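All chains are identified by letter, namely A, B, C and D, in their written order; residue positions are counted from 1 within each chain.
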Amino acid sequence: MSTQVIVLNGGSSSGKSGIARCLQSILPDPWLTFGVDSLIEAMPRSSAVVIGPDGEVSAGPDFRALEDAWIQGVAAMARAGARIIVDEVFLGGAESQGRWLTALAGLHVLWVGVRCDSEVAAGREMARGDRVRGMAAKQAELVHQGVRYDLEVDTTATEAVRCARTIAAFLTTRSS
Amino acid sequence: MSTQVIVLNGGSSSGKSGIARCLQSILPDPWLTFGVDSLIEAMPRSSAVVIGPDGEVSAGPDFRALEDAWIQGVAAMARAGARIIVDEVFLGGAESQGRWLTALAGLHVLWVGVRCDSEVAAGREMARGDRVRGMAAKQAELVHQGVRYDLEVDTTATEAVRCARTIAAFLTTRSS
Amino acid sequence: MSTQVIVLNGGSSSGKSGIARCLQSILPDPWLTFGVDSLIEAMPRSSAVVIGPDGEVSAGPDFRALEDAWIQGVAAMARAGARIIVDEVFLGGAESQGRWLTALAGLHVLWVGVRCDSEVAAGREMARGDRVRGMAAKQAELVHQGVRYDLEVDTTATEAVRCARTIAAFLTTRSS
Amino acid sequence: MSTQVIVLNGGSSSGKSGIARCLQSILPDPWLTFGVDSLIEAMPRSSAVVIGPDGEVSAGPDFRALEDAWIQGVAAMARAGARIIVDEVFLGGAESQGRWLTALAGLHVLWVGVRCDSEVAAGREMARGDRVRGMAAKQAELVHQGVRYDLEVDTTATEAVRCARTIAAFLTTRSS
């Protein structure tokens, strides 16, 4: 059966959002993209994450409860027939994946790890100019700890569009 | 029982998003805001709405199917315990409301009409500078046709924060 | 002779940028808009203003030197024939105006004060959601201290587009 | 004598803005960045460029006059003592450079060509998601025609931060 959810997990500035946009362009069917950035955008400021001066992310108890409900909602969209790309940062590693695994039970999910060399990601963070410095380096390894993937891509020396093509090819092979 | 979903419906540049942000600041509990703008942001470009030179909005068949699944998902977030503000533009009037009514069945919903004089909304559209001109005027009356509300606010001569306080007061009264 | 520079001065969230965009739409000739927001956008982060938790703005010594050169440049654009709208926040009141007066010497300038009731501006700051809270209230009176205007508008109960029409009418009268 | 202006010229999605931001972080002195994007932001919509469905850029006669005055102003900022990075797209090739050469006469300028393989730039354009498709490919070669540089960098396989370091090293060597 065809894939219903693609979960892209990677650290800040690893290139997930670019891959998601390329997938939306390349894949023949329409896919909706949701991720931690759009969740934070939906939150009241007082509940959203606080980013320390060195890029350390901390979230209050409200954040977790809101995120749990949001994950349920994203899963419900997939069950209602929308193809969904999840653009995520598993700050809790395997534990974060576990929460999604539970919510997405019964759906056909493709788990994709988006890796990027820590130093390269830090350079891209500097080039973007809209992120607190230090997040990229802090998250580069952390978010993959204990996480299991169907496929891994690495943006260190590979363009986002090419990573998206790899994922698209994998989807086609798997569903056939 | 306390309200789980607040639906704000109004035309483009009527001030819904400002009211939603003020509600998020004013209300004691955390509320998530989702709306047509965040839905369009989540879509591939080719599925999203096309806005004509005079502000006429048209959406393809993909849009409707994606929107339906998204509405189910937003309802699921509310059922999972998150308080939700929906920031919507009922281009189909009563028919649009009907789709939300079905999806939100069993939830405690507050339906709020956000009105704004057509000419004033057009002036604010000009002042924003990020919208195609003509949407505000076209939608000012259209989106309210046949829609039933628990409460209506009018931003023509009332600030967003004051409208938000009116809604917050109504919530308190209703739930007590 | 016709006006070459329109300086709009007002506190944060007083509505200057909306008036500037309406002026660009309403006035028959093309006008360029520059302001403190575009200056900060042009700066390295380390030189830009630091906004404290209560909306207190502080700027380092680099900021002042860069700003001085930028003011010279904006004046040079007007001398080179471009009509310019300056969207400014005179945190130094009369002293800030003095710096612009010197730089704009010999040009035909319209000085416009953009006033807004402090509490109303604070409400709009909340509705915008993209500003640190407290700036609007702190700046509402401060920026007008000792500043002399050709014209004042007040957005407390008057829409931006209407304020822009008042300014446009004043320009026409003055130049005839 | 030390460099006063760095002109980065390259096609859309070639990575100029990322290099500019990295330069602002890396260089010891504060540098202001201005470019065609900030110029368009300053213009009334009706004067700004029109981008066709295939990424073809066309500009009205107002655009040229406003741009000429803006170039004078940016040069004046440098003469007033600010170090300036110009983030430009020479759609007219050598003719565009000629206009800047005239305006910057007497200043110490570093001319940097920012190259990127056309297909790679088109892929990044897709990944960004905020540009009309086709601009990157159309401009990749065009903007360099007849333009003379002190230094060229190529982002096809080199990160923006590394290109910025190359430019920074060149600046140090040249001024010593």
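Here is the rule we go by: contacts are C-beta pairs under 8 Å (C-beta built on N, C-alpha and C of every residue); 3 or more make two chains touch, one makes a residue touch a chain.
Not measured: the values here are computed from a predicted model.
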Angle of the C-alpha superposing rotation, chain A to chain B, to the nearest 5 degrees: 180
Centroid distance [mean C-alpha coordinates] between chain D and chain C, Å: 27
Chain centre separation in whole Å, for chain D relative to chain A (CA means): 32
Distance from chain C to chain A - Cα centre to Cα centre, in angstrom: 41
Sites on chain B at which at least two other chains make contact: 25, 45, 129
Contact graph of the chains (line, ring, star, complete, other): ring
Contacting chain pairs - touch in the sense defined above: A-B, A-D, B-C, C-D
List of chain B residues in touch with chain C within their complex: 15, 18-19, 21-22, 25, 120, 123-124, 126-129, 157, 159-162
Chain A partner contacts - residues on chain B that touch it in the complex: 24-25, 30-34, 38, 41-47, 62, 65-66, 68-70, 72-82
